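Below: the structure, in structure tokens.
Note that the chains take the letters A, B, C and D in the order they are written out, and that residue 1 is the start of every chain.
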Amino acid sequence: MKLKALLKAGVLGVSTLAMASVAAAQDKTIRIVGFGAASGVVGIFGQNSSAAMSAAFEKINAEGGVELADGSKAMIETEYYDDRCNAEEGISVLRRIASTDALVAIGPTCSNVAEPLFGILQAKVDDEGDTGLQFPVFTDVAIKGGLAGISEWVFRNTPSESQMYDDLFAWLRTNHPDLKTIYGGVEEDFAHSRFTWYSVMKTAAEKHGFEVVGEAQWLLSDTNFSNQARGMRRAEPDVVAISAHPFTTCGMLREMTRQRIQPKILVGLTSSSSLETLSGCANEAEGLTIPTSFAPVNEEAKAAAEAVVAKGGQMDLHSASAWENAMILKDIIEAAEIGGTPETLEEDRRKIRDALAELENAPGLLGSNKRLPDGEAVKPYVFVHAKDGSWDVLHNPGS
Amino acid sequence: MDFYFGLAQIFGVHTLLGLSAYVVLLTGQVSMAQAGFYAIGAYTAGAMTAMFGLHILPAIVIAGLVSAAIACIVGFPALRVKGLMLVVATLAFGEMVRLFFFNLSWQVERGGELFGPDGAEGFRSIRYFPENGWEVWHVTVFIWIVVAVVMAALWWMDRTRAGAVLRAVGHDEVAAQSIGLNLTAVKVGAMTAGGFIAGLGGGIYAHTVTHIEHGVFGVLLATFAIAYPILGGLGSVFGTLLAVLFIQGFLIEGLRFMGDWRSLLFGALIVLAMNLRPNGLLGEHAPRLKSILRLGKPAPDSLETKDAN
Amino acid sequence: MLTLQSLSKHFGGVRAVDDISLTIKEGEIFGLIGPNGSGKSTTINLITGLYAPTTGTVTLDGYDLTAMAQHERTAMGVARTFQNIRLFGNLTVAQNLWVAQNGHEQRRAHFLPRWFKAGGEHGPDIEELLKFSRLHSKRDVQASALSFGEMRRLEMARALASNPRVLLLDEPAAGASQEDGQLLAERIRDVRDRGVTVLLIEHMMELVMGISDSIGVLNFGRKIAEGSPAEIQANQDVRAAYLGSKHKDEDLIHA
Amino acid sequence: MDYFFIIDFVQSLVDGLLFGTTYALIGIGFTLIFGVMRKLNLAYGAAALAGTYIGVAAFLAFDAPPPVVFLLSALGSGIIGIVVYYCCFRFTPTQVPMASLLASVGMLLFIDEAVVHASHGMPVPYPSVFRNAIIEIGDIWVRGDLLFVFGICVVAMGVLFWLLYRTPLGLATRAVSQQPRAAALCGIDPTRVNLLTFGISGVLGGIAGAMTAAAVGVLSPIIALGLTVKGLIAVVIGGLGSIPGAIIGGLLVGASENIFLLLRGVTERDIYVMLMLFLFLTLRPGGLFGSTAGRD
């Protein structure tokens, strides 16, 4: 009996959701849906994104909403789906979003969801032979380099790390001409960490005359770093770059303190410029220098950060992208002159995609975002460092 | 509509994963290696289509055979132990497979692009379905034909002496030996069959998600594999199917509207289900075709099993 | 026919079976008795291969079984029942017999087809065995739902289903009443009349003395006597061994 | 063989052995539960983690001193262990081992998610003692905090041995684990013994979790899985049901893990640990200290 009731509830749950979204489209509203990891170990990312998105849409709606092709105004409706950072769930969620009247989706959180997700989309627009899903996705968080190239339906507003780190090392070279050697630390089983160290940081460091004297590798759930730190101690590097999650970043930093390794400069992964690292090990992280595409350096950014906090989230480089995506989409929708009716749904999605593809510059919180033809973005950034338990802007190349 | 078809694909793939553990569980062995076989199938089938341009059907059959062969080889040492030792041994094997693919880089060039597993980066662009004009529902129908064939084969096997033998070994190994059953042969046979089914499932999985990486095939997936048949009950293949629908359909998809409370409820409901129905949702006894057909007469009462030890 | 040659089994320092030699002739009922812990069950386990002997050999018709696995011994024609009944409770009565149809005669002929043949639980052999064991009406009942006596009968039938040449019965009368004992004696004779040699381990003296053609007596893992029932009853060593533990044994029989 | 290699080798061995005590504790917990119930409690690592979080909550809320935090971690984990017993083992029938196995999996997922829910998955600092104390023996550095971890684990094991071999409670526990039926006939209430076993092993898990977190200095939900897997391997290598076996197994896993890391790098490290386990199972199915009939 109980089982039957449970199953019934499940079926009801699935169908009411689908129906609710249809019913809501009756008066002038359009839907933009967010998705990503809102539970599990990385759930905090999705929760922040979700808060940023709804704060941004609330702001847009308060200012009158979005203008449609016929000149009328529409409110933006949004909701956020949890994919638990699981590839199958992510695909399922996107299919579900595409089956409703949503115009475009913002997400996902995890690069390992993004990769399969982009794979089920049509690779090239108008490719008759490709039956991939035709739905625009505008990614805020999944940051691993080069993913947008998988499909022409994908656009990303994640910062391009290669430019940021290139600039960071150039800046280090200028400001600290005495620094010669660099030692890398990388979380081997985490795609983003690997990519950033091997393809971004290392290249950039070598380009600006640093000598890579060694690499330390560890895994996501490692708890013992003494072997890795010992190699680092012997190499006596001037710069140590750590490309890892906050948990192991903290573990490694602690081990470095213990083994009295004192590099002159510590460089971190851009994702580490969030609250987590500081909540885990503020003391050891002191001085950790990171390029990031968000810091509350101007009025607009401060206001946005406050709005997100009011929604129960935190503003960091990831959720800032979610905020910006919402704002960019508003402009895109107005410029694309969409119908906003159920009949024009397919057409509207295509218009949004085309408009995103043609976009070359978009306003961001820190200044103008440059859009690349392959769907990636180059965003303004600042260099921050950890100081007294918070992220302090060290240098703002844009100003 | 594509959403529901997509969901049906997930159900199908997970049913195969669950059935692969079901066959092994019939002999009383809890194998945590199913995620490993699934991974072998996924990488093999992916390589067959993406790297060597094979058709999907031979690709998944080869994937199944490769997994079966490895399951057979692993079965001999692993099945020397049982109970908790076997759980840990198979878990270790599954992790070894995962780490093997974590370290495996082998790419070939096709049409100017590199295809193949690339270590921690995973195996990208296994896009046989979209590139060959398969609509979502085509894929769904294809998967369910495979699932139906496997389920029918297992259902039929359960009617044959082989099925009774598996269950006999699962119930009491000492007695099974005393009547002349070769335990090693039976267990390794079940493991091989399980490996084949897991290989098929993994092969299909790789194509439905287009990108696979070692992290997917971890302990959690192995746990899911055994969870399906245990939750559903070992009575018949339909227990596994029901459990897949319950977990993937209700707990994961149906409760999505609950936000992050869903994940909390997920574990709690499994605990509850096992307390209320310890023998699984559909129970542990094989429903006899006869008693199903003979609806008028009450089926023989299945009393609580006596502890045979 | 079945020969044990200086068979020993040591568990650590304990000599559960110590240098036992026995010969069981074709077609006889051989009773193996002894006080508790005298090594009777261990002997059965050594014959069926559940334990590997420390020293000594087991031969059947001149074939050495000692190195064989349990299932190979069954194929050679050794079958057994258990002191504490071990049925496949998750299978029906007929299926219990079906899975045991492993006998040496059909063994090699058609391996795969036999494994994957459906409905074999209705074969003529099984029907006959069901009748023989008076379980015909229960053929589709789950074995776990049988009564105690029915379980005993099914277990013996299952052993017979593997088409054995020698059947080892491990205390078949345990837990049975006096009247059941009578029926059991008839049943064992019936089994012998089917051409199966029987090795009977039993506490119930009446039963063993009544039906055995020859008897072996164990005490502390050693064979202390062997001979016809009359000889055994007259044997001083046997009396001594049994007097020492008489009360205990009787307690067990009536428990 | 150059000097640095020898130093590294010895250093890895020392670090690994010291850290291995946490695996040993988890292993003992598994073995205790298996001993009295013949069942596998997969929620064990998660319970240990949750207990550790209870300790850290006190640290964050009241700035509690490290000993209090460690104590709370241990006690918290013990209580969660008892909850796990009631949810997964008390009411599932004994003859259906898979029911409790899957229930404990459900519990594992639930506890993990509850921890994530409460902590937002954020890593939190965990107090450690002797954090920067290092004993230098030539070029070998022995970490003060690891020595502390080692010491606490050894004390925990000592207390456990005292409990098991010097108290009536221990006698009852050992009786149940060796002869459950006879123990029940002697008037020992198996439920009470089970309950206590889950409590005690929970406390051990909590200590292991606390010590792991103290050694890293940070606590994150992702350490639960590693502890579970390594603890299980320690048990199997040592031999199921054997406490000395679990200790040796834990030390062996800790040391070999570190040495494989040194020799083969981090991506292959665990392959060799698993391979070692596989070899053990093939060559000695009963484990190091398992009985010859311990294939069960």
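A few remarks follow.
One rule holds for everything that comes next: a contact is a pair of C-beta atoms (placed from the backbone, for glycine too) under 8 Å apart; a residue touches a chain by one contact, two chains touch by 3 or more.
Heads up on the chains, UniProt names are A = Branched-chain amino acid transport system substrate-binding protein; B = Branched-chain amino acid transport system permease protein; C = Branched-chain amino acid transport system ATP-binding protein.
Since the structure is predicted, the reported quantities are computational estimates derived from the model, not experimental observations.
Common neighbours of chain A and chain C under the contact definition above: B. Number of steps on the shortest path from chain C to chain D, with steps defined by chain touch: 2.
Seen from the Cα centre of chain B, the chain whose own Cα centre is farthest off is C. For this pair, chain B with chain D, the centres built from the Cα atoms lie 30 Å apart. Rounded to whole angstrom, the centroid-to-centroid distance between chain B and chain C, based on C-alpha atoms, equals 41 Å. As a whole-number value, the distance joining the C-alpha centres of chain A and chain D reads 37 Å.
Chain B has residues 102, 120, 260, 263, 269, 284, 304-305 in contact with two or more other chains. Multi-chain contact residues of chain D, defined as those touching 2 or more other chains: 113, 116-117, 225, 267.
Chains touching one another, given as pairs, are A-B, A-D, B-C, B-D.
Interface residues of chain A facing chain B in the complex, by the touch rule stated above, are 2-3, 6-7, 9-11, 13-14, 16-18, 38-40, 43, 47, 80-82, 84, 87-89, 91-93, 95-96, 98-99, 112, 115-116, 119-120, 122-123, 129-133, 150, 188-191, 194-195.
Residue ranges on chain D touching chain B, taken from their complex, read 34, 38, 40, 42, 87-88, 91-96, 98-103, 105-114, 116-117, 225, 229, 232-233, 235-236, 240, 267-268, 270-271, 274-275, 277-278, 281-282, 285, 287, 295-296. On the chain B side of its complex with chain C, the touching residues are 156-157, 159-162, 164-165, 167-168, 170-172, 174-183, 284-286, 288, 290-291, 300-306, 308.
Against chain A, in their complex, chain B makes its touches with residues 1-4, 6-7, 10, 102, 120-122, 124-127, 129-136, 208-216, 245-246, 249-257, 259-260, 262-263, 269, 276-277, 281.
Here chain A touches chain D in the complex through residues 39-44, 47, 188-189, 217-224, 226-228, 230, 234, 246-247, 250-251, 254, 257-259, 275-277, 279-282, 284, going by the rule given at the top.
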